[in-house]
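Same chain, two partners: chain A is paired with chain B first, then with chain C.
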Partner chain A sequence: MEEIKVQQHTPRKYMNPYLAGVLLGLVILFSFYLTREGLGASGAFKRGVAKVEQIIIPAHVNSEKSAFYHYVKNGEDPLKNRLVYMIIGVFIGGFLSGAINHRLKLKLEHSPKITSKTRAIAAVIGGAIFGIGSAFGRGCTSGAGLDGMAVLATSGFVVVGMIFGVGYLVAWFFRKLWI
Partner chain B sequence: MGPLFNASDEWSFVIALVIGIAFGYLLESAGFSSSRKLAGVFYGYDFVVLQVFFTAAITAAIGLLFFEYFGWIDLSDIWVNRFYTGSAILGGALMGIGFVIGGFCPGTSACASAIGKIDAMLFLGGFIIGVILFDAFYPLYAGFYKAGNQGPVKIYESLGMDREVFLLLFVIVAIASFVATGYIQQKISHKSKKY
Partner chain C sequence: MNEELIISGRMNPYIDPHLEVWEWQIPLYLFLGGLAAGLLFFAAYFVMTGKEKKYPTTVKYGPIVAFIAISIGLVALLLDLKHPLYFWQLYTTIRIDSPMSWGAWVLLIITFVSLIWIFSYLKEAFPKYNCKIGFIHNLLGIFIVKNDDETWEWKYSWLDTFEKYAQSNRYAWAWVMAVLSVILGVYTGILLSAFNARPLWNTAILGPLFLTSGFSTGAAMLMIMTKNHEERLSYSRIDLFLIVIELFFITHLFMGFLASSQVKVEAAHYFLGGEFTVTFWVNVIILGLVLPAVLEALELLKYKIPVIIPGLLILWGGIMFRFIMVEAGQIIRYLY
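Up next, the complex of A and B:
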């Protein structure tokens, strides 16, 4: 009896990365086949920011001064977009996999060599830099990188090359955060 | 012939939700909900990011080519991101730095937040701050952001290669990287960690 209990609470092993890769590739393929566009994650958050700006600072977002002017032009609702539905799906799908594989747990994950506080600060700063980067890059790892490589776009290969190239260049300086 | 729907059709919203669920499910199942696992790619103790990422890219790229051969899809009607030279290079560089410091990217942080990872929620909060900052100071670099527009150019055109030849080379490089990273990961396995 006890053994069964332990098994129920042990997180299951992760999927084989190549199997996950092939399945993810098929998801991208069908996304293009069905809707002409691929995956995307950052777009929904940019649109969310544009939506809030539309409500609280409409004069800003409805002018050329805003990077999100094209989301709200002609009084359009920035949230009426497929990427918003997609990110809702990502949350649902992630939660389902976590529930099925016994990985649902409120937890701040960090290397044992750093404190929770250090990890928290690094996560916010890293997120902010990533946010600025994905705005300049016109998409993130999924929308610019993965989709871009799938359709053999130059932009996709350049963005992915820079993410990993610069990542390796600076990894040494931030090694204490991870190893 | 595909694509069957336009991205702005309401049907596309329903399809996007289903695709998003599959996307999030696969990311979490592959272990992308753990920042320590993701960051492993930069320190040689876990290459799952690279393995999943490049397998997905070559699967989708080969699939799109076959769909075209079978006459199922019109590739000229598919969305291709425009290439703005300077902005893409700077954006990629910043994303690389953000990834190493923050340990996530937007999609992975969303799926990790969904299973309760607090560091992922903080990353997402930071990400939104970054997006707001970009918009707040946009006039300062709007010129740079829009400069060097080369249109929706393809990598094989940029390199002056045949599409099929490029794709074959891409597959070979990807497989070589799988073999190499498998070897490196084994070498560093004494540092193997639990997440």
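Up next, the complex of A and C:
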């Protein structure tokens, strides 16, 4: 058997963000064409939570007062939804992109001035706040923002304005996490 | 008082065949049986072709995992029985026309053959006796003696004689194990396809399909286990080849259904737009076959892929395939 050695490659640069933005827009267009609906990320995670609730405390999620009731009414499986499969696709696509561009490495990216631990804690807190926000806003950057703007809904523009506006305002307080 | 008006005999309970009785035990066992068949076949094949030095993990450690898999599978089978203590009655008869009889006997024989195999490689697989767990240390102490350099010997001469016998007849045992492992792999499919009242299962392609899938999961397990680069790459190749064959079989499974009687056409539609479409296509075809095939092709093209990812995906696809086939097979039936 001939010897095949895995060659060491330097990771390729990321794509031009403007080009990637246009491509993302085309993905939304394609999603509307195929499924009549847009993208959404937080929906998959909320459905994941609903599934866990359905297993552990079914009485809670099955009551009409629950925010997740519409995921499980009529005995539906909350995970049987295109958003859940979209997230699986995001992982596959991200993994393949990493593999093809020689970037496949387990690492935690952070500013050199903070430790990995600080970064991890900050990310968990930030993620939790974003999760709460997306629940209040009935969608996240992709579901409420991108899809909303794609169909020219006022709420979409308000969401994106608020996400970037508030982000701009509070960035100064958290700058040390990054620079 | 609730009054019921009986207008048909079919309203009585259990008049219609009631076969929705297989839960997690049977698909888990079918998966583990296929996995063990794959592991044992590769071990036997590389000894038969004189390549055991190139495939050390396959030959020495694969059969140990296979033995554990068969043991767990047998426990699952016992749990499925209504009267577990009556399992021995399967061994009071040999019925050529019963897949379950074939399976019961093949399982019994292959378990012993794999034990002989493991025994013959024990000194090579574990050259040093340095078990830290007191209980196992004492248990092993009944059979073996430790040397000063941490190597070990058998305590009794009959164990030495048996070891020499097993080692000098490895080639013959390899043939026995190869044949039995193919029967075991095919049987996991035949067990289902012998049910003529189950349209989804009642197809002859299920035997070869389950065999291929079992070999593919075996290769994936060895790919994860081995630390030898050459061995890992050859399993990437083998798995890629097996995945292509499996996709071919699955295509023909559905082509066969669609060209058959109405009930089989309907069975196929459960997977082509019906209830099981998304579960099957996402878990089995995309995550379990196509994605690992792409990743393995990338690895052969010298991209760096952590082997655990395609390996686990293939195992996931294998286990989901059996769970979906067993579940769907019990739902799809002639009588409605």
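To be clear about the criterion, the second predicted complex is superposed on the first by the 170 of 179 C-alpha atoms of A that agree within 3 Å, B and C clash if a C-alpha of one lies under 4 Å from a C-alpha of the other, contacts with A are read in each partner's own complex, and residues count from 1 in each chain.
By definition in this document, contacts are C-beta pairs under 8 Å (C-beta built on N, C-alpha and C of every residue); 3 or more make two chains touch, one makes a residue touch a chain.
Predicted, not measured: the structure shown is a model, and the values here were computed from it.
Contacts of A:D147 after superposition: chain B is touched, whereas chain C is not reached. Within the superposed three-chain model, A:Y85 lies in touch with chain B and with chain C [touch as defined at top]. Between chain B and chain C, it is B that contacts the larger number of residues in chain A. Look at A:S134: by the touch rule set out above, it reaches chain B but stays clear of chain C.
By the touch criterion stated above, A:L24 is placed in contact with chain B alone, chain C being left untouched. Contact with chain C, but none with chain B, is seen for A:H102 once the two complexes are overlaid on the shared chain. Looking at the shared chain after the overlay, A:I55 reaches neither chain B nor chain C.
When both complexes are aligned on chain A by C-alpha atoms, chain A residues 85, 88, 92, 95-96, 104 touch chain B in the first and chain C in the second. Those residues of chain A that touch chain C in the shared complex are 1, 3-7, 9, 80, 85, 88, 92, 95-96, 99-100, 102, 104.
Residues 14-15, 17-18, 20-39, 41-42, 45-46, 48-49, 53, 64-68, 81-83, 85-98, 101, 103-111, 119-120, 122-171, 174-175, 177-179 of chain A are the ones that touch chain B when the two sit in their complex. On chain C, the positions that touch chain A within their shared complex are 54, 229-230, 233-234, 278, 282, 286-287, 291, 294-295, 298-300, 302-306, 309.
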